[in-house]
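Common to both upcoming complexes is chain A, partnered first by chain B, then by chain C.
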Partner chain A sequence: MYRYDDYDQAIVDARVEEFRDQTRRRLAGELSEDQFKPLRLMNGLYLQLHAYMLRVAIPYGTLSAPQMRMLAHIARTYDKDYGHFTTRQNLQYNWIKLADAPDILAQLATVQMHAIQTSGNCIRNISSDQYAGAAAAEVEDPRPWAELLRQWSTFHPEFLFLPRKFKIAVVACEEDRTAVQLHDIGLQLHRNDSGEVGFRVFVGGGMGRTPMIAPVIREFLPKAQLISYLEACLRVYNRFGRRDNLYKARIKILVHELGADEYRRQVEEEFLHTQTLGLDAPQAEFERIAAGFAPPAFETGLSDDVDRSDPDFAVWLDKQVAAHKAPGYAIVNISLKPTDGIPGDASSAQIDLMADLAEAYSFGELRITHAQNVVLPHVRKADLQAIWQKLDAAGLATPNLDLIGDIIACPGLDYCSLANARSIPLAQKIAGRFGDLERQRDLGELKIKISGCINACGHHHAGHIGILGVDRKGEENYQLSFGGSGAEDASLAKIIGPGFSEDGVVEAIEKAVGVYTSLRADGERFLDTYRRVGEAPFKEAIYG
Partner chain B sequence: MKILTGNDLVTGDVTWWTGDGWSRHIEHAVDVDSQGEAIAAAEEAARRVNGPYVIQATMTEAGPRPAHIKDRIRAVGPTVRPDLGLKPADPTIGDWVI
Partner chain C sequence: MGDLIRFRDDETHEEPAVTLDSFLEQSNATAIRLEPTDDPRALIPFLDRLSLIEVAFPKFRDGRGFSIASILREAGYTGELRAAGDILVDQIVPLRRCGFDAILSEAEIDREVAAKLAALYGNVYQKTVDGRAPVWARRSDPTHG
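Moving on to the complex of A and B:
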């Protein structure tokens, strides 16, 4: 994993002390809330329904075991003994005291973590593939590029006050586990016809109020020009993005209004200038960063055989374990979606356990997924059963990856001041209705995503079944959408009809699942069947 | 009735105006009538509360009940974690919220 150099550590430490002083001044009355609010938000500290909420950045979703332990320590010491892993691969604490915030940030800094740029109209935490460095199909590890972007975007003086927040994802597989086309900028490493590796650049995707799938703005960008090209993309946005209208301020609106061709033309024109400025990282600096992501020392000669005689273990194995590029190794997906649990929540003890498992079995590495689960990326197959037993004992071995019980849900109205409706209780009701794991497996891949408001933190636009909570005259109501995908076959879910109460949604999903099971062809997922037959039979079953 | 709520500046806890101070318990909230905005401004300036605002509520036998579900959730804590709320032992608290 990448380790901070002296510069990285110095700026994070300095930021902690700066925020400590700002907090002191706020508590002493030297700063008003109007003055302090943008300062605390720049450090990830929000005021939510019940308390201050601190959002901690987990760059490209990668964590070391000591960092994971620090997250548990903070949850135990300063919060209510748990944390919430988010759809942007971050972690949120829900019960922070203002006076504790500087100490928390100081403790995070000791393990090279921070909460910088987890709020505000700036470039947010860079997201990436949770299988990075482990997936057999990737062109190369995307994380050195994500780290380069982290360093480039941190405190970038020109891009700290963009028209609106800005999210970048970097992937290196054709199989997309990050919703790369639904980011402001999506970067996909791939090979061109000459065999060279470069970036396919998507610009102008996003969810929220106006969901859009990003068009390809550059099919092939030489890797060495990444920074100067992104500078051009951001400069065009910074200059012409709609600062006059909050709801039209994201880059997706600019790209849409200009048209992809015109936006591309303006970027290329700007790029002619930015590539003369010496902005791109020197090769030696990139190599220094990349060295931090050198593959671990995988053992050779390991067997790929796994004893499947325990049927429960075999079920978990089939669902939660993915192929690794190294013979004898596997990728373990840890479910944070027990049937009666809260999607993405983990107790301090569970977080500690996952850190221990990473240290003992996965070269000390963990990953957070945008689907609110955790990954041990480099596990010997010979250790899988021992890991499963420990996860199972801690309630972390539900074998439901990508099944109907593996629901993405934002914190919703239970925690969030922006929400219109609760997301978590609905997720629990749906997971409970389909609690039979054998039935879930029979239904196959079926991604339900729930957002408590139009901001779409629960990615409902990208759900095979998406659910949006709305406020209807003071009552919670839920709009149901079908046909979305955040994967390589990206699509936006379409509203199926009038909304429902919480219980009504569960019944409607039951009916939709019934349509799917009666119409599915061999090997078809729910999404495939929906795309093939269209919405009519689903609508008929739900509303007819 | 109108009641005044906000968050404690230091702890972030949800608080309710009691007439002469702030309480974490909504049962202590009083009708601020038309004085809410003035009290809010004075209390915020004194750094005793953060982000105060006036809400509509109805008086019930159990005390004031906010008109909007968001404020009812604020009053008792997350519905999915009653163990973290102010009334973890009250089995009827969910009904009060919904």
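Moving on to the complex of A and C:
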């Protein structure tokens, strides 16, 4: 993993100092809430329904065991003994006191972490593939590029007051675990016909009230020009993105209104200019960063055999463990979706345990996924059973990865001041209804995503089944959509019909699942069947 | 009107600034005021004879002026570049990094806070028009400013 040098540390420490002073000015009444708001937001501090919420950046979803332990320590010391992992691979604390926030940031800085630009209208935390450096199919590890972008985007003076927030993802597989086409900019490393590796650049994807799948704005960008190209993309957006309407301010609207061709033309014109400015770091700097992501010292000669005699272990193995590029190793997915739990929540003790497991079995490394789970990326197959036993004892071994119980949900009206409806109780109700794990496995991959308002933090547009909570005459009401995907076959879910009460939506899902099981062809997922047969039979079953 | 902080040694420009449109129509003015929607590149042929370009910040959240300033400096403009309007003390560092060398704030700027903030960030990650060596350059050659 990349380690800060003195420069990186000095910059993060400076931010802590700056925020300490801003907080002091706010508490002393020298800053109004209106003036303080953009400053605290750039440090990830939101004012929620009950308290401040602090969002800590987990750059590209990668963190070390000591960093993970610090997250547990903060949860224990300053919050209610738990944290919430988000769809942006970050961690949120829901019960923070403003006066404590500078101390929390100072503690985070001691383990090379921060909350810089985790909110506000600026470039947010860079997301990436949770299997980076471990997946066999990747062109190269995308994280050095993500770290380069972390540094470039940190306090980038020209882009701190964009029309709206800005999310960038970097991936290096064709298989997409990051929803790269639903980001403001998605960067996909790939090999061109001459065998060179460069970026495919998607611009203008996003969810929110106007979901869009990003068009490809450049099929191949040489790696060495990444920064000067992004400067061009961002400058065009900063100058011409809409600022008259909050809901039309994301870059997707600019790209849509101009058209992809015209946006591309403007970017290319600006790029001709930015290329002359010497903005890209030299190759040596990239290599310095990449050295921080050198593969761990995998043992050789390990066996790929795993003893499957314990049936419960075998079930977990088949569901939660993915193939690793190194022989004898595997990738472990830790479920933060127990049937009666809150999606993405983990207690301090669980966070500590995951840190311990990473240290003992995964070269000290962990990953956070956009589906709100945790990954141990480099585990010896020989250790899988021991890991499973420890996870199981801590309630972290639910074998439901990508199944109907592995629900993405935003914090919803239980916490969020923007929400129209609760997400968490609905997620629990659905998970409870389909609590039989054997039935879940029979239903196969089925991604349910729940957002408590139109801002779509729960990615409902990308759900095989997406649920949007709305307020209808003071009552919580849920709109049901089908057919979305945030993967390489990205698509937007379509509303099936009138909304439901909380119980109604569970019944409707039950009926939809019934249609699927009666119509599915061999090997078809829910999404495949829905795409093949269309919405009619589902509509008929639900409303007929 | 407002609180003016200058980071240049020359005399303050006294001539009133004209709009881009009136400048392009006929003016031989040497001071101009750009709105966030104006195209700064329209001024490129005239940069040599301008001594003040004021860039409007109608709201502190409106960050278009940061790009406008960068574009003007990248094009070689050396006269005064003034950010004018709703500006927070916490924005002075990024404004200066984008080439502004004067701030005209509607509200009074706390000089002590401004100086403290300016001193905080001795290291920067990006190459911009302010000429400071980014961290990536200093890593390979620590003698860089």
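The rule is simple: the second predicted complex is superposed on the first by the 544 of 544 C-alpha atoms of A that agree within 3 Å, B and C clash if a C-alpha of one lies under 4 Å from a C-alpha of the other, contacts with A are read in each partner's own complex, and residues count from 1 in each chain.
Here is the rule we go by: contacts are C-beta pairs under 8 Å (C-beta built on N, C-alpha and C of every residue); 3 or more make two chains touch, one makes a residue touch a chain.
Since we're looking at a predicted model, the values are computed, not measured.
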Clash or fit: chain B and chain C on chain A?
fit
Touch check for A:Asn333: first (chain B), second (chain C), both, or neither?
neither
Considering only the touch criterion stated at the top, classify A:Gln22 as touching first (chain B), second (chain C), both, or neither.
second
Examine A:Lys80 and indicate which partner it touches, taking first as chain B and second as chain C; both and neither are also allowed.
first
Between the C-alpha centres of chain B and chain C, what angle is opened at the C-alpha centre of chain A, expressed to the nearest 10°?
80
Does the superposition put A:Pro282 against chain B (first), chain C (second), both, or neither?
second
In Å, how small is the closest CA gap from chain B to chain C once the two complexes are overlaid?
19
The answer for chain C against chain A in the complex is residues 60-64, 66-68, 70, 74, 88, 90-91, 93-95, 97-98, 110, 113, 116-117, 120-128, 134-136, 138-140
So in the complex, the part of chain B that touches chain A is made up of which residues?
7, 9-14, 44, 47, 50-51, 67-70, 73-74, 77-81, 84
Of chain A, residues touching chain B in the complex:
26-27, 29, 33, 47, 49-52, 80, 95-99, 342, 413-415, 417, 419, 422, 424-425, 428, 474-476
The residues of chain A that touch chain C in their complex are 5, 7-8, 10-11, 14, 17-18, 21-22, 25, 30, 35, 38-39, 121, 151-152, 154-163, 235, 238-239, 243, 273, 277-279, 281-282, 284-285, 288
